Every structure is written in C-alpha cells, then in structure tokens.
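Shared between the two complexes below is chain A, which pairs with chain B and chain C, respectively.
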Partner chain A sequence: MSNNSQIVAPAADPYSSAKPSERAELSVIDESIRTPSIFFLISAIGWLMIGTVLALMAAFKAHEPDFLGAYEFLTFGRVRSAHLNAMALGWGSNIIFAVGLWIMARLCRSPVDHKGILMIAGVFWNIGLTIGVFGILRGDMTSVEWLEIPKYATPLLAVSYALIGVWGVMAFKFRKGDHVYVSQWYILAALFWFPWLYIVAQAMIIWFPARGVVQPLTNWWFAHNVLGLWFTPMALATAYYLIPKVLGRPIYSYYLSVLGFWALAIFYNWAGVHHLIGGPIPAWLISAGIVGSVMMVIPVIVVAINHHMTVVGAHREVWHSPTLRFIVFGALSYTLVSLIGSSMALRSVNEITHFTHFTVGHAHHGVYAFFTMIMFGGVYYMLPRLLKREWPSAGLIRIHFWGCAIGITIMVVALQAGGWIQGLQMNNASIPFLETVQNTIPWLKARSISGLFLTVGHIAFGINVFWMLFAAGAVRAKNGPTLLHKEGGVA
Partner chain B sequence: MKSLPLLFCGIFFALAFSFTGLIVSGHIQLGALTPSTETLVPSEDQVDASGQPLMVMAEGETLFPRPAPGIAEIGKQVYIEMGCMYCHSQQVRRQGFGADIDRGWGPRATVARDYVLQDRVLLGTMRTGPDLAHLGGRYAGDAGRDWNHLHLYNPQIVSKGSTMPPFAFLYREQEIVNEPSANALQFPPDSEYAPKSGYEIVPTRRAEALVEYLLSLKIDYSLPEARIPE
Partner chain C sequence: MEATSYTQLLPIIILGVAFFVVTIVMLFWSAKKGHLRRFDAQAKTIFTEEEPEGEISDKFPESSKTTRGRKKNK
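Take a look at the complex of A and B:
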C-alpha cells in the first residue's frame, strides 16, 4: 500500500465504520433510505426479467426469422428496441437509483428526508417507462438509437428523473464533514450529466429536429455518453466504495482516483462520434471522436491500477465475498472492454467491426460484464444492511454468479469472433452478401445459448432477493454473513 | 475537491467542452446546409476573397436531393415503426473504405447534403442486412416493386436463407372475385408460400407505402462535393 492512501480522511475513509458510533450513524442513514432503495431494487429486478424475456426473443429471431413472425408487435426491430430500453432505463437506471443514492447518502452522512416525494417520482419513472416500452411494441417508436421511447412518454420520464436525481445533489449539499470521497464525485457528476444529455438529444432529434446529419451526430454524442457518463461513473462509484469497504483497507491512491475521474470527465464525452466513422460526417468531427476514444486509455489504466492494487494480495477474500466476486469481475471487464473500445475507434479496425455483431458484443461487454456485474455486487452488500438480515442461500448466489459469468463470456466471445469474420467478409465484395449473413448464424445461435445461462443467473438472483425480502423465520434468525466458502471471511 | 461550486464547475465544463466542440460546432457547420445543383458555375458579379469569381448554383437547374413523394413519406413512417434501421443502414462509405461501392450499394459515397431534407435521418449502425441508401436504384420500376413486395411478404421467396423476418402482417389474403386484383403478389411457380388456389395476397396501404419509400431511396445524382464517377 502506498503512503498516498493516508490522504483519505477519516470521514471519507471507507472502513471508518469500524467505530461503533459511525456504524450507528450509517444504520440511521440506511433506515432513512430503505423504502425507496428497496422500491427501486424491486423495479429494477422486474425490468431485468422483462428485458431478459425480450432479449431471448430477439436473440432467437436473429437466427430463426419465422419465430413469432406473424405478430406485428413482436417483429425483431421492436422487440430488440423494447429490450434495450427495458434494460437501459428499467434495469440500469432503477438499480442506479437504488444503489447510487444509497452510497451517496452514506458517504455524505446525510439521512434522506421527504422520501415520499422520492417514492412518487420513482413510481412515475416506472409508469413512464411502462408506457414507453408498450409504445415501442405497438409501433410508436422513434427509430433513433437509445431514444426509441415515443414522444408522449419522454416528458414524464424527464420530470420524474429530475425529482429523483435532485436527491443525490441535495445529499451532497447537506453533507457532513469536510472530506469528499471519489465515489461522490462520480455520482454527483453522473446525476448532472445524464439530464443534460437527455434533454439536448430529445430537443435536437425528436422535438425540433436539427438538419440532416446533425441528428446522428447528436444521437451518438448522447448514446455513447449514456454509457460513458451515466452507467460507467455509477458502476465505478460503486466499485470505489465497496472494494475498500469489504476488504477493510483504503483505496491504493487518492491521486490516481482524482486523475482517473477528471480524465474520464474530459475525454469520454468526445468519444461517441466513432459510431459514425466512414459516414457522411466531416472528417474533423470523426477525428475528434477518435482522439477522445483513444485518450480514454488514460482513465481506464489509472482506474485499473487503483482497483487492482487495492485488491492485490486479498484474492481469497474477493473469491469468498459475493459482493467482491461480482465487483472484481466487473472491474476487470471494465479494463478489457474499454481497451477493446479504444482500439475499435481506430479507422482501420472500425472498417471491419462497424456495422457488424462485433459492436453488439462490445455493447453487452460494457453494459453487462462491467456495469451490471458491479451493480449485482452492490446489491449483495446493500440489501443485508437495509433489511438487517442475511442472504438466504449461498447456492443461489453461486448459480447467479456462474450463470452470468459463463453466459456473458460466451456472448461476448461469440459476437466478437462472429462479428470480426462478418466484417472481413462484408468488406470482400467477391463473397455474396447472403453468404456473409449465413456465416453469422452459428455465432448467433451461440448467443441464444448464452442468453439461457444469463436467464438462469437472473432467476437465481430474483429468487434470492424475494426470499430475503419476505423471509421466513429461518432466514431472519440466520447469523453471520453469507459467504461463498464455509470458513469465515468478509461479507 | 471539497467545494460543491468548484466541483460543479469542473463537471459542467467537462461536458460543455464536447457539447460545444461536437454539437454546436457541427450545427454551425452543417445546420444550414441546403440542396444544391449538381455542379456549380462561376458567378458573373460576385468574387471571393482572392478575387476569383465565386462558384454559385446555375439558375434553372434541378436541386438535389429532391423532396420525396408523399406516399414515400408515409412509407418512411412504416419503416420507422418496424425498426428496419436496426438491421439496415442508409449510408455509402467511400471507395477504398469497406466494400460498399464494390457491392453496388451506391455509385458514390453519401455526404451530409444527401440528408438535408429528411426530418428523421436513419443512417443506421448495423448491416445485418445490406445497405439501403440506393435500394431504389438497384431495384427499379415495376420489377423492383414486385421483388420488394414478395421479399417483404416473406424474404425466403426471393432470398432463400435470409435472416430477415417476414412482414406478412402487412399483406391480406383474400378470395379472388372474378379476376385477380391488379396489385396481387405474383409468386414464382410452385412457391410454397403462395396462397391456396382461388385466393390471392394483396398489399395493405402500409405495404404499398413502404415499398414506394424503399424505391425512392436513390443516389442517382451528383453533388458539387460528391460526383458520381463517369
């Protein structure tokens, strides 16, 4: 451990809660945010299940086009868009509200007041989303990527978001103590960036369409930043909070965490234009996007060093703690997916990967193997503290982990191998197009199989959560943390 | 980084930087682009900064891109609500970058001006199916119309092994009264997808509009900045 770690002040020091008085304080904060957090968690799991069913349908349709082909509302274009929005705004954003706001409240040491308004906003967020996803299936979608939700549902989403997001900002404003931990910057920034991106994109594409290719330009500035400035900071904040917390040691370097945050803030938001390489966009805009994408190597390596050096030497604890097993899987995926992403922005690589399943694999690598896995880890830590009871089944946690880990690995490998071949063949005009399509089919079947693994994992997770929520006496009486090993360790 | 205002300023300017650099600048450069004649001619009275005659549009010549016919606009709405763009792009990359032109997906690369009349720009980012920017040039006239209807009704009829879903719900099966309808689909002989005898498959209005939209997608004109090679 470096001396820099000394700089983390006691108030922000993640293991400061070793003191009974601070444990009591955290307990009060947990109590204050319990109802909204659990509401958002249940909503998130509901959307995760809906999104999984839609994903399985879309995946199966990709190689069996006649499957459910007679129903207009289940045609591929609608099902995949409904899947994306259910997962991104239903699972992703709800789990961010559940875990992110809880971490923010804890780090700011400020109990949540007026939680009634937070709950009402949460209910309307989910109503807006339900209207939106039904709207997509009934044919009102916009066909603008990541913004498919029809016009009549988006204002409701925007207003509900504002009422939810402001809670994080208020917690920060009324924080106690002088010191601010890196997770707080990430969460505060993301809570502010997301509405800016969303409002600009809605205005310039849907409500007052800008002329010509300014639309796709805005679209990809928005869509890539949903990943980079909404999901990524929230997952990094969770990892930064929980890795030191569970291991009981401070983060490796304060300076690296500052560098990592500001490098991400400055470079990531330029990167989105790489989705338009080769397109009818002025070359200087594309080049700006490529530079931003490649510069992302800096924050990624910095965060990787910081996380890895914190974990190093504690691999047994990581493996035994459900929280850390998921979070470290996610943190490793972050490094890998980001480096692949930076190289995909190079023109010579992009010429092959653009327009192929490689990009789909990459998207799931980021949103699932990185973001979702870290959020699962966050839930494994949060829920016992909110409910003051333990996870009922270590077996279900294992099934959850292995289902997701194996599933997402198969998916990413299949789509990226298949997509790379698809790209090479598509760029060779002597191979008939139909042949290139048929050569993707085995890889798409592998993706469907990977979806089954993920489904098993999600069901195990869902059962464990609801078992815990509506726990019988045996679960309530359970003592000590649920670990993935019989010997003791950390939760 | 302890103070909220200072932290907030950093967070604000980080995103403001790319918003200005990409979106505002892009809008300034491209937001007022208008259709143009295929070539420009030297102006008689205006000169540029170096004293050379300014290149201007010739009077009386057609402006490109042309507005799409009304039925194509209705068809575009069908294209949007079916999510066609999640498998089909509408952009041609330049010769030497990918094989778009070699595959016959268009006679030249598309440029920003090609899209200025579109209320919703559907560039697309996937080519699970082929690019459609020049579909109407590749499948023209009545033969192209017939092919597209059969292909939409069930892609397997004309493109065996395709992974595109059927859009049979955009068509109606009806009993033939007296004579077959003029717009009934002409199936190849012995097609397993043909209706039983005495019945016919006719497109709904939405299918008609969608096909007219597809046929309207054409890169059959040059622009001053993007000439079709001779």
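Take a look at the complex of A and C:
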C-alpha cells in the first residue's frame, strides 16, 4: 500500500507541487522538446505529401493502366510500394516521433535532456527512408510486403530507431513521480514492440531467410503487428491523453483503460496469422490467430466505452475543438475498423474478403481513418503549445477536416463494398475472372476521387502548418502554452 | 507438410512465447508497483495548474472577421 499512496499523493505530484523545484511546468517541458518535435513534424508532412502523390498515381493506374506507363520507375508495383513505405515509415513513424514523444515528455513530467539523440536519430531515419524509397523506385525492392525497403537502407533505419527507443527508455527512467498514466504504458510498450518486430522480421526474412512457410508467417506476424502494436498504441495513447485533457474531465473509467491496454498486449500479437487463412500453414496456428483476432473485441469494446462515454454530453465542445473533431472521428473509426477486422478473421468471412479490395479498404480504414486522423488531432493541440502561437486559419482547419473525412469515407465504403462484391464473384465459378476484374473499375474510380479529397485536405493542413511556422508575424502571439482558455474563453 | 518439418516453426513459436512472457512480467511489475489500484485518482494526474481539470483547453481560432466584429461592438 505504501507504493500505492506514493503514486497518487498530491505532494509527490510534480504537476501540483507547491515547491517550484519539484514542479514541472508543461510550458518548460514543451520548450525543451520543441526542436525535435517540429523537426519530426516537418519531416512527417513532407512524407505525407510525397506519399499522397504516389498514392494518386497508384490509384489512377489501377483503372487507367497506361497512365505514366512509359516510365519504368513509375510502374504500379514500384509506386504502390513506395507509397506504402512513404506513408507508413515516413508519415506514420515521423508523426509518432513528433506527437508521441511530446506526450511522453509531458507525462514523464520532466524537461527533455539529450534532445541531440532525437535529432541525430531523426536525421538518419529520414536519410535511410529517402534511400529506401528511391531504392524501391529504382527497382531494388524486396518482394516482401511491408518490408520492401532494400537491404542496404534498413541498418540505418534500425540504428535510428534504436536511438529513439533508448531516448524513450531514458525519459521514462528519469521521470518525476511514480505514476504511470495509461498513455505512457501504450507509448513505452510500442517503443519496445516495434524494434522487436522489425529486427525479428528483418533477420528471419531478409538477412537469414527462414525456410518455407515460416517466411510468410513471419511476414504477416510483422505486417499486422506494425498496425496493432506500433500505430494503434500510439494513436490510443494520444486519444487517452487528449480527449480528457481538452474536455477538462478525467477519462470515464481509468480501470477500463488499463484493462484495454493489457488485453491488447496479450491478444494482438497472435492476430496476424489470419492473413494466411487457406494457406499451407498448420491449421492449429491459424485457429490460434483467429482466436487472438476475435479476442481483440475485448480491448476494442473497452476503448470504445471509455472514449465515447468521456465525450457524452460534450458534443458541442468536441465540434468546436479542432483537436477533438479529428480525434473523435479517429476513435469512432477505431471501434468500427477493429470489429470489422475481427470478423474478417473468421474463415467464412475471410473466404470472401481475401485477395480482394476489401482488405485494402480495411487497411486504409485503420491506418488513415483511425491512426492518421488521431495524429492530425494531436498536431492541432501540440503545435500551438510548442510555438506559443495560434493556428493562423480556422478555414484551413475546416477544409482539412472535411477533405479528409469525406475522402476517407468514400474510399473505405467504395473499396469494401466493391471488394465484397468482387469476393462473391470470384467465388462464383460461372463468372469469368476477367469480368470480376472489370466489375471493380467503378469502385476503383471512386477511390481515385476519394484521393483527390484527401489531397485537398493534406494541402490545407500543410499550408496551415507552414504558415504558422514561418509567417510568425501574421499570427497573433499568445502568452502561454494553454492558449485558448486564458484569452479566448471556452468554446 | 510432414510432421518433421514442424520444427521449422520453432523460432517463431519461441519468439511468440518470449513475447508473451515479457508481457506477463510487465503486468506483474505494474501490479506490484501499485498501478492497478485507486484508478479514479490516477485518471486525474494529467491535469495541472496550467491545464486544469474542469476547463476546456482547445477550440477553433477566431477568424479575423469575428475579431473585427467584436472590436466594433466594443
């Protein structure tokens, strides 16, 4: 019990301590991590733009195969893989390093030391990724999905990541106070899980290839866990921190949040095997993967109850907060995409959705509608506090939100509806295969249109961020890190 | 697949078990350190003097039009 009382005793809390020497002001912490966070944010936006251009090319090529068909380095296979890596490792990981590490620093309640480590890691991460994406376009990519980056670029990525992981562990080790908020659990666990996944997958598939079915098994163990044990915990950590923070009310049930974290930690690791249903894998292993996937319903429902009950009665405030508008969209998407994902692991459903555009729609539902929207929300809260400036344009925020919300909704609906029909037709032996392919074209055109909406949203976001960063004179300066309630009053 | 070739799966099974064991050890550590008690108090630790409980800390920036209108009314 003595430990317990230490954790929550106000006197030991660096946030509320009366002694300035014990108190960690958020503004001081924000100041200390400003340079690395902004570096990662700029890098993330750069990759978001590159990834968007590559995505548009790939989307148009899917229904107009001759589009840019004369250029070897812009063939569909290369462009699609370059898009995936630019988005996953460029946008996704850089924005995690920007927002996730900022939240980690705030929750550790201590100004950031050794930010040079983060800067070095950030520079080398982006150099490694640039080499990797160029390598993919040159034709050097591997044939392993989610691990397409050529062998010569991966050590740089691994070393950069290791530096960031070391920084995370050090920040946690030297934190002030004993309490570990649930977001810290998620971030710390993800910092531990991702290098494990990446190194094991690289070793067993690329450097010392395992024989036979172990390769695809490792491949999907890695690929699915990148979503579930890297992107998901970081987005949930952001949501668990910012939903209560913005509303000024504690999370509905902290007990459920801890339960949700541990359920994710225990069950998610098994889920990736469901990608190999129907493959030459031992049946018991696939059954274990299906069980793990279905068990994920527990943390998903727990998170859904927690997030949604926290915002009940505060819908007006959610709508008037750019941060929460994006984060609540992401939280709703998490519930939906996870329940769809669990059902896709069932053999009877999987025999329809496997090898169709339904899976592509599902991946975008998770990585974009859930993860990316939450990280956008995180940026809207973080950047004014790092720069002590207001967002320059409410209009651009609205264009960003509606462009992304409409775009991703069209994409997910089109690919999943089209993919389901495609699956039913592929299972019908009386329909020629070519006809099933031709029938997907309207849905693929809808995806291209959705890409245009997303592009508009991304451009609005990029303009707003760079306007805020580099046109400081045009932006009304504020006094402190808690910008809006001090001067503008509540929404 | 022949029964003998199941040994090819050993590395990934060992890794899966190791992963699971690490998770359980961390769960045990958190229980021992008291992180699984007094949940309501722990939920409030994110609020500070700068960003206190009970106050909304984010909203859309005011447009220049709104600001001008407010100045005129004053």
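Throughout what follows, the second predicted complex is superposed on the first by the 449 of 491 C-alpha atoms of A that agree within 3 Å, B and C clash if a C-alpha of one lies under 4 Å from a C-alpha of the other, contacts with A are read in each partner's own complex, and residues count from 1 in each chain.
Just so we're on the same page, a contact is a pair of C-beta atoms (placed from the backbone, for glycine too) under 8 Å apart; a residue touches a chain by one contact, two chains touch by 3 or more.
Here the structure is a predicted model, which means the values were calculated and not measured.
Participant: May I ask you to decide whether A:L276 touches chain B, chain C, both, or neither, giving the answer as first, second, both or neither?
Facilitator: After superposing on A, A:L276 lies in contact with chain B but is clear of chain C.
Participant: May I ask you to decide whether A:G116 touches chain B, chain C, both, or neither, giving the answer as first, second, both or neither?
Facilitator: neither
Participant: Name the contact category of A:G313: first (chain B only), second (chain C only), both, or neither.
Facilitator: A:G313 contacts neither chain B nor chain C.
Participant: Classify the contacts of A:L107 with the two partner chains as first (chain B alone), second (chain C alone), both, or neither.
Facilitator: second
Participant: If we overlay the two complexes on their shared chain A, which of chain B and chain C does A:L285 touch? Say first, second, both or neither.
Facilitator: Touch partners of A:L285: chain B and chain C.
Participant: If you stack the two complexes on chain A, which partner ends up touching A:L324: first (chain B), second (chain C), both, or neither?
Facilitator: Second partner only, chain C.
Participant: Kindly classify A:V258 by the partners it touches after superposition: chain B alone (first), chain C alone (second), both, or neither?
Facilitator: Touch status of A:V258: both partners.
Participant: Just chain B (first), just chain C (second), both, or neither: which does A:P442 touch?
Facilitator: Neither partner.
Participant: Where does A:Y181 make contact in the superposed view: on chain B (first), on chain C (second), on both, or on neither?
Facilitator: In the superposition, A:Y181 touches chain C alone.
Participant: Taking the two structures together, which residues of chain A meet both chain B and chain C?
Facilitator: 178-180, 185, 189, 196, 200, 204, 210-214, 217-218, 221, 258, 262, 265-266, 269-270, 280, 282, 285
Participant: Would you tell me which residues of chain A are touching chain C in their complex?
Facilitator: 1, 3-4, 6-8, 13, 15-16, 23, 25-27, 107, 178-181, 185, 189, 196, 200, 204, 210-214, 217-218, 221, 241, 244-251, 253-255, 257-258, 262, 265-266, 269-270, 280, 282, 285, 317, 320-324, 380-381, 390-395, 397, 480-482, 484-485, 488, 490-491
Participant: Note which residues of chain A are touching chain B in the complex, please.
Facilitator: 61-63, 65-66, 69-72, 75-78, 80-81, 139-145, 172-173, 178-180, 185, 188-189, 192-193, 196-197, 200, 204-205, 209-218, 221, 229, 258, 262, 265-266, 269-270, 272-273, 275-276, 278-282, 285, 288-289, 292, 347, 351, 354-357, 359-360, 426-429, 433-434, 437-438, 440-441, 444
Participant: Going by the contact rule set out above, which residues of chain B touch chain A in the complex?
Facilitator: Of all residues in chain B, those touching chain A are 1-2, 4, 7-8, 10-12, 14-15, 17-19, 21-23, 25-27, 29-33, 79-87, 89, 91, 93-94, 97-99, 102-103, 109-116, 118-123, 125-130, 155, 159, 161-169.
Participant: Which of the residues in chain C end up touching chain A in this complex?
Facilitator: For this pair, the touching residues of chain C are 1, 5-6, 8-9, 11-12, 15-16, 19-20, 23, 26-27, 30, 32-63.
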